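Two complexes are shown next, each including chain A; its partner changes from chain B in the first to chain C in the second.
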Partner chain A sequence: MVEILIVGAVSSAIYAMLAVGFTLIFGVARVLNLAHGSFYALGAYGAYFFTSTLKMPLALGALLSVALVAAFGIGVERVLIRPMRKSQLAVLMISLAVALVIEQALFLTFGSEYRNVPAFVDTKFRIGHVDIGGARLLALGVSVVLIGALWLFIQKTRVGSAILAISQDPVAAQYMGIPSDRIFAVVMGLSAALAAAAGILAGPFLTVQPTMWLLPIVKAFAIVVVGGLGSIPGSILAALMLGYAETIVGYTVSTSWTEIVSVLATLLMLVIRPAGIFGRRAAF
Partner chain B sequence: MTLLRFETSTTARTSLALCLLTLTIMAPGGAQAQGKPIRIGVPTAMQLQVGRDTQDALKMAIDDINAKGGVLGRKLEMVVADETENPETGISAIKKLTADEKVDVLIGGYTSGVTLAQLPHISAAKTIYLNVGSASPATNAKVKTDYDNYKYIFRVGPLNAAHQARQMTGFISGFVKGDLGLSKVAIVGENAKWVQDLVPLLKKGATEAGADIRATEFFDAQTSDFSPLFSKVKESGAQYMVVILSHASSDIFAKQWYDSQFPLAYGGIDVKSMDGDFCDRIGSKSVGEMAANFAVRAPLTPKTIPFFDEFKKVTGRSPVYTAFGANDAAYIYAEAVKRAGSTDADKVIKELEKTSHVGIPGTIEFDENHDVKPGTPTYKGPALLFAQWREGCKREVVFPKELRTADFVYPSWIKK
Partner chain C sequence: MFGRRIDRLGVAAFVVFMALLPLVFPGNYLIGVLTVSVIYGIWAVSWDFMSGLTGRENFGHSLFIGVGAYTAGFMNTSFGLNGWWSLPAAMLVAMLFALLIGLPTLRLKGPYFALAMLSGAVIMQRLMLIFWEQTGGEEGINGLEPLIRSQLGFYYFALAALCAITALLALLARSHWGLILRAIKGDEATCQAAGINVTLYKIVSLIISAAFAGAGGAMYAHYQLQVSPQLFAVVTSITIITMVYVGGMGSIYGPVGGAILLVLLTELLRRFGEWRLMIYSVTLILILFFLPNGLIAPIWRRVRATWERRT
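The block that comes next holds the complex of A and B.
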């Protein structure tokens, strides 16, 4: 039981980091970014490259990786997404193309083998009678801190207020003099940085290989559909639900069945309540 | 004018002929290798080490054969097609090699699901296929029952899943139960065709050998979190975890096993753990794991150690099992063509069936399904060797006893 609580919390935390960024950029810029999973992959590969190839200390490599992925995210938004933002379908296609190009680039650069992202903490901790790796606990702790920081940033800063204003009414926000394009870039950077951080934190105990972007985007998609596209509290709640549902299925039924949970949740939610738990309107 | 053109043309032709003659004399093998080259098609997963090793080991054999004059005065050359781990891509690779490249023989393979999907296309192309990578017995099952259509299929390596199951049974009874004195065992395998073929045989054999199989768990090859699986194994009361992994993320499995300091040692068939750099690339977290290998750098035959050393010299890597199969397959095919006096598939097949080739992992002979025969105490065919990853990411052979280079050592956190 304790094990399910802890493992479920770690899964939920990683999912929440992925989904919050995914839903943020949709909520603010109405951009359904299929390259979001690629930011997660680039974060993990960046940490691998800086530590294994360039022999940098892990903390420096991780920070550098997050910064570069954030800059890359801003670049993608500025160069590829912004000119097409009026058409959601075009954005969907271009972001999918970005994801596929990144996958192939990783494939050619690093090969298809799994890569080892070093862990910040390599020791084992015992909680109750459960042994749990330090890397997992760190992922849990850091994601709570990062999501908390993001919430504070949105609630307490001028940029945050601008983000909220645009997400509530983009036209009115623009009339009030809020530079929407600059805010979109900030949000894309934040979203990419969060995904990259998730990749670095999960890298030591999960998959690091070129196709690793796909599963996170499926999960993020499922979470925001369940939680309500554009709603951060909805995403956090749905991440907890999905993380725990998968863990419970893994422990009580079989690990073979865990992957179907998210797909099933998405389907059910689209049929029963298309707007999701906290969504203001149907996403599609 | 016409005469001049004729003269120029004659001079050009004479020069060309001279050039060709010079090139032929300079070429390795000299004047013998003059005919149209014999083309070897290589369908393999090019991005994986199994695929890279297939190509490199094959190239070593081809260079050697060509340097000695080729086969029937013809040189060997290879054409590679990426079959990935996807059946559809695998079929395209076979079509490309047989229809477009018109190869004489196919040497390759890795994923059983892909090989099974390719079989009808190989059969339709009437091209000999020497499998060096996939292990499902199903790939060769039709050779006997539908000989005319499937006689083209041979497996040079690895041992098929049924033979592997028997040898794994020997590992459980001889090592886990015999040497370690542990009888409660959990079997953990990925959901793949060859594992589904292997596990029932392994369970039956292990139970008959007196082992108590406490849990049998399958998981999806995409699984990235093994915590629930480990928890179930621990709760089952098992004392040792036997794994059957090939396409799954063995790297994550080992990392999570180490990070959680899982209280059971584990070992078995773990294809990615056969890679020479497996331990290094996961930060030494496989230290303590026992992984079956089809060959290690030991004097199994007079060819084993020289091949290991030459391969490492040429590629800078330790070879995996597809390297042994591919290298042996090239020589086996070349010998059969020589004996047949032609590359005609039917004639070569008859000669391949008579093969008794001292290869890298042992003597290669084929059974009635054209499947490589496993080694026995009286026959030096290929057999599974169990090596343990040790500190410094070195490997020591622990089982079978007659080839043991060091005793088993428990991972540091397991007290015995």
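The block that comes next holds the complex of A and C.
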């Protein structure tokens, strides 16, 4: 029971970090970024490369990796996505193509075998009568802090107000003199950084290989549909629901069936309430 | 069906060229490459019928291909049914999946359909690996029987199937039905206001598209004599979409040319081995940027225009 509670919380936290960034860039720029999972993969590979190949200390490698992925995300938005923004489908196409290029680049440089991302904490902690890996607990803690910080950033700062304004009405925001292109770059950077951080934190206990971007994007999509496209509270709530639903199915039925949960949730939600739990109006 | 003489000439030239190629350059290697290119042609044209005409991009065509191929695999090896039963069965199963995903997603605006198809394909691939006891896991299903023993015979069968499917879809695309699909791409709200049941048209088109993709999947299974979860891979869908983009979206005949051209070019790229997929994805990005109308359909339109000016 305690195990379900904690393991479920950890996977929910990872999902939330992925889904919040995915929904943020959609809510603000109306960009559905299929390369979002690739930022997660790049984060994990970056940490692996800096620590294993360049022998850097993990903390430095992790920070460098997050910063580089954020810069890369901003670059992708500027060069590839911005010229295509008129058509949502062109954005989907181009971001999917980018995801594939990244997968192939990772495959060509690192090969297809699994890589080990070192954990910040290797010890196991005893909670109740179950052992939980320190890496998992750290992932849970850091993701709560990061999402909380993002929330404060959006609610309290000037840039945050600009993000809110654009998500509520892009045209009116432009009339008020908000430089929307620059805000998009900020949001893209934040969203890529969150995904990269998720990859680094989940790296020690999940598999790191070139195709690792695929399942996260499927999960992020399911979460965002259930929570409501563009809604951050919605995606946090939906991440908790999906994380726990998968963990419970995994413990009570069989781990084989966990993958079906997200697709079932997506299809059911689209039938019952396509706008998601928090709908589109309550964007933040 | 093809109104203009130049179009009829073009089709005839294409069919004669494809039919004569293996006779002029005999050898099983070329026949194999051509067979694969023709099957990709079926997949590309079926993708284009739904997504090219309505503008609703399908990122998981491999889902229909995969379920078609696995249906053929199970029917042929587990139940020992004759290979020819695979084709209708694969079409039916693929249509069922189209209904399952199309029904909740195609009534919505926005990117739900594109993403649900992608998710569907990814999850099906995972399921094939997870339930390896039934599906053979990474190995897939082996030991299918060929539909036609002679390689050349099967190639001609596939070519005939491609021509028949393309002709049927081109006919549909030119009919009233196709006009409505194009109108949906142009302005969905207006179509709805005109009393057209937009959702019905989109779902039925997806079902038609899925049926032929499934049939192509079954043909591919009976050609490779095995089925693997790799068929569901996102790469398969992306390859098909690239072919359609190269051919020219929404033109029906263009994607066939795009598929054959790209499969033949891929063979030339074979010595780049691991770089092949990288080259594919970069090609797609370049085409999206510099040739949004594709390559084959615009060239053919130009050929047609010069021809008509002369006569």
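A few comments on the model shown:
Rule of thumb we're sticking to: the second predicted complex is superposed on the first by the 280 of 284 C-alpha atoms of A that agree within 3 Å, B and C clash if a C-alpha of one lies under 4 Å from a C-alpha of the other, contacts with A are read in each partner's own complex, and residues count from 1 in each chain.
The rule we apply is simple: contacts are C-beta pairs under 8 Å (C-beta built on N, C-alpha and C of every residue); 3 or more make two chains touch, one makes a residue touch a chain.
No experiment lies behind these values; they were computed from the predicted model shown.
Upon superposition of the two complexes on chain A, a steric clash is found between chain B and chain C.
Applying the stated contact rule after C-alpha superposition, one finds that A:105 touches chain C and leaves chain B untouched.
In the overlay built on the shared chain, the residue A:88 is in contact with chain C alone; chain B does not reach it. By the document's definition of touching, of the two partners only chain C reaches A:263; chain B does not.
When the shared chain is aligned, chain B comes close enough to touch A:247, but chain C does not.
Of the two partner chains placed by the overlay, only chain B lies in contact with A:115; chain C stays clear of it.
After superposition on chain A, the stretch of chain C whose C-alpha atoms clash with chain B is 134-142, while the remaining options among 44-52, 134-142 or 206-214 stay clear. On chain A, the surface patch touched by chain B in one complex and by chain C in the other comprises residues 107, 215, 256, 259. Of all residues in chain C, those touching chain A in their complex are 55, 57, 59, 100-101, 103-105, 108, 110-112, 114-116, 118-120, 122-123, 126-127, 130-131, 234-235, 238, 241, 274-275, 277-278, 280-282, 284-285, 288-289.
On chain A, the positions that touch chain B within their shared complex are 3, 7, 11, 107, 111-116, 118-119, 122, 124, 131-136, 204-207, 215, 247, 250-251, 254-256, 258-259. Within the complex formed with chain A, the residues of chain B that make contact are 47-49, 191, 217-220, 222-229, 231-232, 249, 251-252, 255-256, 259-262, 272, 275, 281-283. The residues of chain A lying in touch with chain C in their complex are 32, 34, 80, 83-84, 88-90, 92-94, 96-98, 100-101, 104-105, 107-108, 214-215, 217-218, 221-222, 225, 229, 256, 259-260, 262-263, 266-267, 270-271, 274.
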